[in-house]
Structures are given as C-alpha cells and as structure tokens.
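Two complexes are shown next, each including chain A; its partner changes from chain B in the first to chain C in the second.
== the complex of A and B ==
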C-alpha cells in the first residue's frame, strides 16, 4: 500500500501507517459493515417473510444495530467465568484482529501482499473456528461442549474442499498473491474467474458452501444456532462477551465473502481502463474508495444471498452437514481442480 | 441444572463413555415445562426418562370447588392452544346428565369452533416443527395465516385465545354478522396457502432428511401406549373419534381420515406426523365450508336454560344427580371428560382423559437411538401439550 496515496507525508514510518490503516479498516469498513448488514438483513428478511422488521429506532429502524449494541454493552454478564474461557475468547478475538491485516479491499488497500497471502485469512478462519471450539470446551456445560465439538468437526470437514477450491483460482491466476489473483480477472462478469469456465464456477460454488461449513455459518451452523443446545457455544455468553463473539461471527462471514469476491468474483477490477482514468483524472484516493465500494457491494450481495437461503431452507443436522462436506463438496472440489488445471494447461499450449 | 452436575457431565463426556444430560424444566427444545433425563452415547440418546408435573394447576380440583358455570372457564384452560376442545368435552358430558337438547344452530357453531381450533392448533404444530429445523420463513408464513383463524375467534367470541364461549345447553351468543362469510374466505385462503407450504417446506429435501425415519412410532407402540389422534393415525391406525364415536353433527359431514403412508421413509416417523396434520387441515377446511354453507336457523341456546349474568342475583345452575362420559377428537387426539354430579351447585367430580399423556408415555421408546439434534424435531412432531397433561 502506498502511504502517499492515503495522504501520509513521504517520511512517515511504516508502523504508523500500518496502525492507522488497521484502525481505519475497522472504523471505516468492519464496524459500519456490521451495522449496515445487520440492518439490511433484518429489513430485507422481514420483507421476505411478510413482517415489518425493525421500525422504531431511527428512520426505518436504521439505528437498531446501535441500539442492540448499547443494550448488550449494558447487560450483566454471567456470574461463573473461568480464566480458560477468558483465554479462548481472547484467542477468538485475536484471530479476529489479526486477519484485518490480510484482508484485501482494493489495489492500494492491501497490507500484506506476498506470494502466499491468499492462504493467510484461510488459516485465520481455521484459528477462529478452533478458538470457538476451545471456548466451548472451557465453558463446562453441555451446550458449550457439544457446540464446540460440532464447530470443530465442521471446521475439519469444510477445510479440505475450501483449500482445493482456492487452488483452482490460483491455477488460473498463476499465483496466490492478492494483486495477481485480482488482475487475472476482468471488470465484467464474463471476465471473472467464477464465470471463466465451468470448472471455475463449480469451484466458486463449492468454495462458498465449504466456507459456510468451515465457519459454521447458517444454514450449516450446527454448533451455534440449534435450539437443542440453546445456541451452543454462545449459550453461555452474554453482554459484552456475547457482542464480541457475535462480532467475530459476523466478521468471519464477511472475511470469507470478501475472499470469495477477490478470488472468484472480479475483485476490485473496474471495467475497461476506468481505473486508470479515475486515477489520473480524480486521484488515487478516489480510486481506492471506488474499489473498496466495488468489493464491499459484491461481498454484501453474496452475504445477503446466503442469509436469504439460510432463512428459507431447513437446517441440516451436523452429521448430515459433515457428510455433505466430505462426500459431496470434496469430490466436486477435486474434480473442479482437475478440470481447471487441464483447462489452464490447454490454454497455455494454445 | 447445577454447576456441579454440569462439570461432572462434561468430565464424563471426556471419557467418551456414556454420559447423562438432564434437560428442563425450562429449555427451548422442550414443548413445555418438563424434564428429560437422557443417557447419551456421544450425541446419540441411549435412553430417556420423562418427568412431568411442573405445570400442575389442580384444574380438576378447581372445577370441583367452584359453581357449575365456572367449570367451563377452567376446562377452557385445559389446553390453551386449542381451548374449545376442553369446553366441548365438559359441555357434552354435563348435557348428557342434564338431558339438554342442543339446538341445531348451536351444534353447528360448536362444530365450526372445533374445526377452526383444529386448523389453528395444527398450524401451530407446523410452526413448531419448522422452528425445530430452523426454517424461519415457514414459521412466519404459517403464523401469518393462523392469525386469520384467530381473527375469526375474535369476531365470534371477542377473544383470540381462551374463548369461554360454550355454555351448558348451547353457546354464549349467536354468530356475529359477517362471520360465516369470513369463515368461507379464510377456508379459500388457507387452502391456497397449504399449496405454498408444500412448495416451500413439506417436501423440501433437507426437511425430509431431518424428519424421515426420525422418531418412528410403530403401530404396536402406539397401541401399547394408548396413542390417539394424528400421532396414532400417522402410525397407520385410522381411529378418529369423529367417526368411531360420532358427536355434534359429524355424522352428516363428509371427510377423510388421513393416515401415515410412510412417504418420508417409514410409517409413523416425524414427517408422517407432520403430513397427517397438514392433510387434516385440508379436511377440516372442507368440513368448515360445508358447515358454513348449511348453517341451520334457530336458537343458539337450549330453551329454558338461563345464560349466565354476572350479577349477585344470578341463580346458581344446578345439574341433576348423575354421571356421564363424553369423548371428542381434539387436535391432539381422544379427549374425554368424566363428570359426576350429586345434584348440588358444584360438580362432584370432573376428570379429563387427555391425549398428550399417551404421547409422553411413548416418548422414552421414541427417544432411543435419536441424535440430540433430533430431540426438538421429535418433541415438536408429537405435539405434546404439557398444560393438558399436567392440568
């Protein structure tokens, strides 16, 4: 990321730029996204379900997420709270904070852009899933225990197909560097990796589905939303801890959608040479903002699609979900990888 | 559950051996206040014990110590989700003793209320099953349409729940203006919506996977535990009190008795219980339509019977000495009422026989071998009312 394009003077030390950048991403992207998405989700789903939805806090209930946050912050927490739970909630939170450094939000809004940077958020997501599992284990309750086990087995089941699908995108781009993955795609849907050939489309669908399994996101949220466990791991959390936990849940979903957008849905690439024109005519800062909006809009749309689906379809049992991941998603991901590799090799020969 | 017990449980779980889990009396997966003592092998239930009685209100005793007329209000509270059935069973028994001749119009109004209650209760069952598998949209769609039935209750009786509309000898009021037309409208609407439910939910692949072959009740188990109503019919036993021991004007109604056919995979599984109730809604709509179209004229109360007026001068109702037993088909099965009168101002004894008790008796067998994630599915599919079981 060039510090100058974001308004820093040329001599500013890199660590200051990084810290300000990270805080900026939180303040400008993550928190507003939480609020906006939870409001959008509640309003749109209410419309789909012939309900009214939030309509008291602000115009059309726009400030409902803030009201919810303030309520959660005021609430008393549970009396019994062991240091182990604190530890694992901290691990959970650290996973949450650390991935912000690797989340790609535009050609100039990348903190870490190495050859293997596409795998970094992936491992962070696994850490988050395992952190959730151990948080559940440390709660000494049936809900936490079973919720934790379910989150853990789902993370394992979803990891393989998700990894293989990421390889598919890498095969096409020839690299796992964020900028390479993005620049290998076009600005219009037909130029996106997902629609470049049938195998990549399968890889995209499997990537999104296995991400939901990996991270226990509804409709495959076996360990976290079932009424037999009162919400599993989150059953024992309340108040500030619950809001932290929920922020983490939202964040991984958001993270996964952003990765899917960057590697499969055209990233921040604008049609034609629009990016160049904007950069020259208006300035690099405006380009960064437009690219950010481009990524966010696609990620929100993907998230809304998943949320919509999760509210309509019945939710599967954990053994059915893991079965699905191992026996349907994994073979499809391997077939997609094979096909994508042959396709790429064929293109290279031509 | 105490903390000590919880920690012991999770230590036992670490041994990967059998563990014990005590759920209740308050838990979202349970149909009401009850306690389940489960022995688990991993996530699979090995055995379960049921403890009830948390919702005991002394209903039958309360009926005995209050005047006859108050009994209706208590019977109404037998099962708050389908209030009219308790009232109806009591009224039929008392009227047998008193020898009241119920006018045809009152009979028709009672039958309309019964069938509306059945539709409303079965829709609530669909909501519970949808909730147990996390199909949120289905919940809201069915609740929206159930409001139409509750609107009809309000139009007729002034209350949406706890109607207290039946009286010994008839009903409290004649039908409200426009009620019959709205019943017909609601029938058309709900019939159209059933098709929507089927498209959205009933035969959804995931829903089938969650409910087929889950919580199977064999016909033998159903007979052994005395299961009646939709639960027994789902297991292939076509017993319906409206057919077997007709009451009201059901002999003149044309309706089918749906039975479980094992479309989900096994006869008597959770999906069959859902499907039987869904089909019963359709049959009830047919009955309602016929009742509304052939509404007889006349009185709504037996001649010579005084309607209660809450004034100090009201003469206490007296029922001649005698004993009677009445049974009806409630939304959950056979609901019976045994009344003994000693000729005084209060009932000497009133006893209800309720279908949920049989469902609770079958529960320990049904729970064996299910996953704990299926627990809400099995419990909601049985449509147990703890209010009527504990009474």
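== the complex of A and C ==
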C-alpha cells in the first residue's frame, strides 16, 4: 500500500505507517465487524428459534453488542492472575494484532504481498488455535484442560485438508501472491475459483469445513462445547478476559472467511473494467473502499451461512469431528488437488 | 462413518460405496436442515404459527364447564356435615388443614370451631376428600385463587371459637340433660 495515497507525507517512517494502518484496520474493519456480526448472528438465531432476539438497545437491538461490551468491561475478575494465563494473554494478543497485517482487504489494502503470502494467515490461524489451547491449559479445571486438548487435536486434524485446499487455489492462480490469486478470478460468480471447475468447488467446501475444524468454530466446536464441558476453554472466563476471548473467536472466524473469499470467491475483483473506471473517475481511495466493502460483504455472507448451518445441524463430538476431518475432508482435499492439477495442466496444454 | 473398516467380509468396492453414500447422505441431511430453517427468516416456520389456546385448555377438557370430570379444584368443607373427626388433618401430607373442636350442648356431634385450609401449602392431592367419612370436604370446580399474601390463601370453614362463658353454659346444659359428653375426659 502506498503511504502517500492515505495522506502521509513522503518522509514518514515505515513503522509509523504500519502502526497507524494496523490500528486503522482494527478501528474501521475488525471492531465494527465484530459488533455487526454478533448482532446479525443473534437476530438470525432468534429468527430460527422463533424468538424475538435483542430488541432493547437501539433500533431492533442494534447497539446490543456495545451494551454487552460495556457490561463485560466493568465486571470484576473471578480469580487472580497467574503466569499460565499471562502466557495465553501474550500469545493471543500478539496473534490478534500481528496477523491483521496479513489479511488482504482490497487491491491496495494489502500489507504483506509476497510469493507465499497466502500461507501467512494460515499460520496465523494456527497460532490463534495454539493460543486457545494455551488458554484451556491455563485454566485450573478439568473443563479447561479437556477443552485445550480438544482444540489442539482439532487444529491438527483441520490443518492438513485446509493446507491442501489452499494449494488447489494456488494451482489455478499459479502463485500464492494475494494479487495473483485475486486477478486470476473474474468479477462474476462463474469466474470465481470456487465455480471454475468441480474440483475447485470441492476444494472450496473442504477449505471452509476444515477451517471450522481447525479453529473450533460451531458446528465443530468440540473444544468449546457447552454441553459436556460448560464452554471448555472459556468455561471460567469473565469480564475483560471474556471480551478478549470473544474478540479472538470472532477474529479467527473473520480471518478464515476473508481468506476463503479472497482465494475462492472472487476476492475484491469487480465485474468488467469497473475497477479502472472507478479509479479514474472517482479516485483510488473510493476504489479501495468499494473493494473493501466487496470483500466484507462476501465474508459476512459466508459467515452467516456457517452460522446458519451451525444452528440447524447437531454439533459434533470431538472424536466425530476429527474422524470427519481425517477420513472425509483429507481424502477429498487430496482428490480435489489432483483434479485441480490435472485440470490446470490440461488448460495449460490447450 | 465410524465403522468404515470394521465390518468383516466387505470388499473394497462396497466399503468405498458405503463411504460415499454416507457422505452424500450427510450432505443431503445438512442441506435439508439448511432449508428447513429458511421459512423462519420470513416469519413462516411451523413454530411461528400462533398456538394460543383458550383458558382453560379446551383440548384436554371437553365437558360443559370446560374442566375434566375428576379435576381437583379448590377444597370446600360443608361444615353442617363435618363431624370434626380430623381424618383429613391426619392424612394431609402437607399439614395444611387446622382443626379445633369443642363440645356442643345437645347432640353427639362436635362443634367444629376452627377448620382452616391453607391453600398456599395444599398440593391438591385429594387424600382428604377420599378419607372424609361424611363426605363433607369436597373439591369445587373453582381453580383460581390468586392473592396478595399467603394469609389470604387460608380458607376458613369453622363455626367460630366459643367464649368461656358459652362453654360453661353448654356444659351446664349437658349436665341438665344428663348427657355424657362424647369428649369428656
């Protein structure tokens, strides 16, 4: 991203631009997304369950997430600080802030764009899973320990198919650079990687599913099960810790959806030569905003689909989830990779 | 899915077929559940239908007065038939019946001065109605007894306590008539 386009003077040091950029992404994208999505999720679930849902704070309960946050912030903690918890807080906070840099949010809103940049959020997701596991271990309770072990096991089980599916998208684009992955796709759904051929569609479905397993997101939330572990790793969290934990949970979900959108669902590519027209007629800043909205809307839609699914299917036990990941997702991801490779080779020969 | 390789005597083809069929049925089931929830977004699902029922519920009660024939409503004691035998007080599992009796001047019957039923304790088990020999205590058809305090839930059926003068007067009357009081010590 060019610093000048965002209004910095040419001599501004790189680190100031980075810090302002990270804080800006948090303030403009992450926090509003958390609020909006938690409200949408609660309303959606309330609809499914024939309830009303939040309706007191603001119009249709729109400000409920803010009210919840304010409530959580003023609660007293239940137990004292320990070094185990410090470890969790350090890893979690570090992962939360450092991985923002690797989220691609538009052709100009990319902090890191190297040949291997598509793998960076993948490792970020693994670090966040590690942080969640450490959180479980830092709890002095059976629920926390079991939750931590389950989170670790699921992260291992989901990592392989997710990685292989990422390779599928890379095979089609010929690169793992964000801009290459995006520009290999078209602006309309038929031009997206996920719908370009059957193998890529399988890869897309497996990628999303294995991400849910990797990050313990419902319906595959074995490590955070409310039924048999009373919330698992988060069983004893309250107040500010709980708000940080929830932020982290949402953040990984959001991170994964954005990656899925960028590598499979057409990224920020607008139909036709709309991007050039906007850039020339209105300006590059408007183009950045429109591309950001494009990515966010697709990511929100994907997240809503997952929330929808998580409310209509029974949540799996941890052994069922890992079984599913190793015995279904992994073979299908490998088959998709083979198919995608052959397809790409055939296209290259033609 | 769990018993993929566990069944003996299955070929690789049937195992693969079962595996794929399992996945397909799982996918189908998930899609079906996905679509089941769709009408709820537009306020149309089965659970969205209005299910308000008349009070009391006419589905289970088809009688004229809209109550089941053997429904156990609030208790009533016909004090003219009551003999003050205290069977109901003894059998009551929640001890919600309080009875005090005195001798009457003339007859073998007793003067039931206090007969209180505390409906805040009563569980409407109906045992008192079953044991009542003269059938004086009965269930009414009334079931609404809201009140502002527990004391208002006490129903009194007694004839009222008698004063000591009245007691002495009645004792004298009995002696005059030459009756042996049934409760004389």
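Here is the rule we go by: the second predicted complex is superposed on the first by the 348 of 350 C-alpha atoms of A that agree within 3 Å, B and C clash if a C-alpha of one lies under 4 Å from a C-alpha of the other, contacts with A are read in each partner's own complex, and residues count from 1 in each chain.
Please note the rule applied: contacts are C-beta pairs under 8 Å (C-beta built on N, C-alpha and C of every residue); 3 or more make two chains touch, one makes a residue touch a chain.
Since the model is a prediction, treat every value here as computed from it, not as a measurement.
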Checklist entry - Overlaying the two complexes on chain A, which is it for chain B and chain C: clash or fit? => result clash
Checklist entry - Is A:316 contacted by the first partner chain B, the second partner chain C, both or neither? => result first
Checklist entry - Thinking of the overlay built on chain A, is A:222 touched by chain B (first), by chain C (second), by both, or by neither? => result first
Next on the checklist: Let me test your reading of the model: by the given contact rule, A:146 touches which partner, first (chain B), second (chain C), both or neither?
Outcome noted: first
Checklist entry - With the two structures laid over each other on chain A, which partner does A:230 touch: chain B (first), chain C (second), both, or neither? => result first
Item to check | Which of chain B and chain C A:47 touches, first, second, both or neither | outcome: second
Next on the checklist: After the superposition on A, what does A:328 contact: first (chain B), second (chain C), both or neither?
Outcome noted: second
Next on the checklist: Counting residues of chain A touched by each partner, does chain B or chain C come out ahead?
Outcome noted: B
Item to check | Those residues of chain A which chain B touches in one complex and chain C touches in the other | outcome: 48-50, 311-313, 320
Next on the checklist: Going by the contact rule set out above, which residues of chain B touch chain A in the complex?
Outcome noted: 1, 3, 6-7, 9-10, 13, 21, 27-29, 43, 130-137, 140-141, 144, 200-201, 204, 206-207, 209-210, 371-376
Checklist outcome for this item: Within their complex, chain A touches chain B through residues 45, 48-51, 80, 140-142, 145-146, 218-219, 222, 225-228, 230, 311-320
Next on the checklist: Give the list of chain A residues in touch with chain C in this complex.
Outcome noted: 44, 47-50, 308-309, 311-313, 320, 323-324, 327-328
Checklist entry - Where on chain C is chain A touching in the complex? => result 1-2, 4, 23, 29-30, 33-34, 36-37, 40-41, 43, 45, 47-48
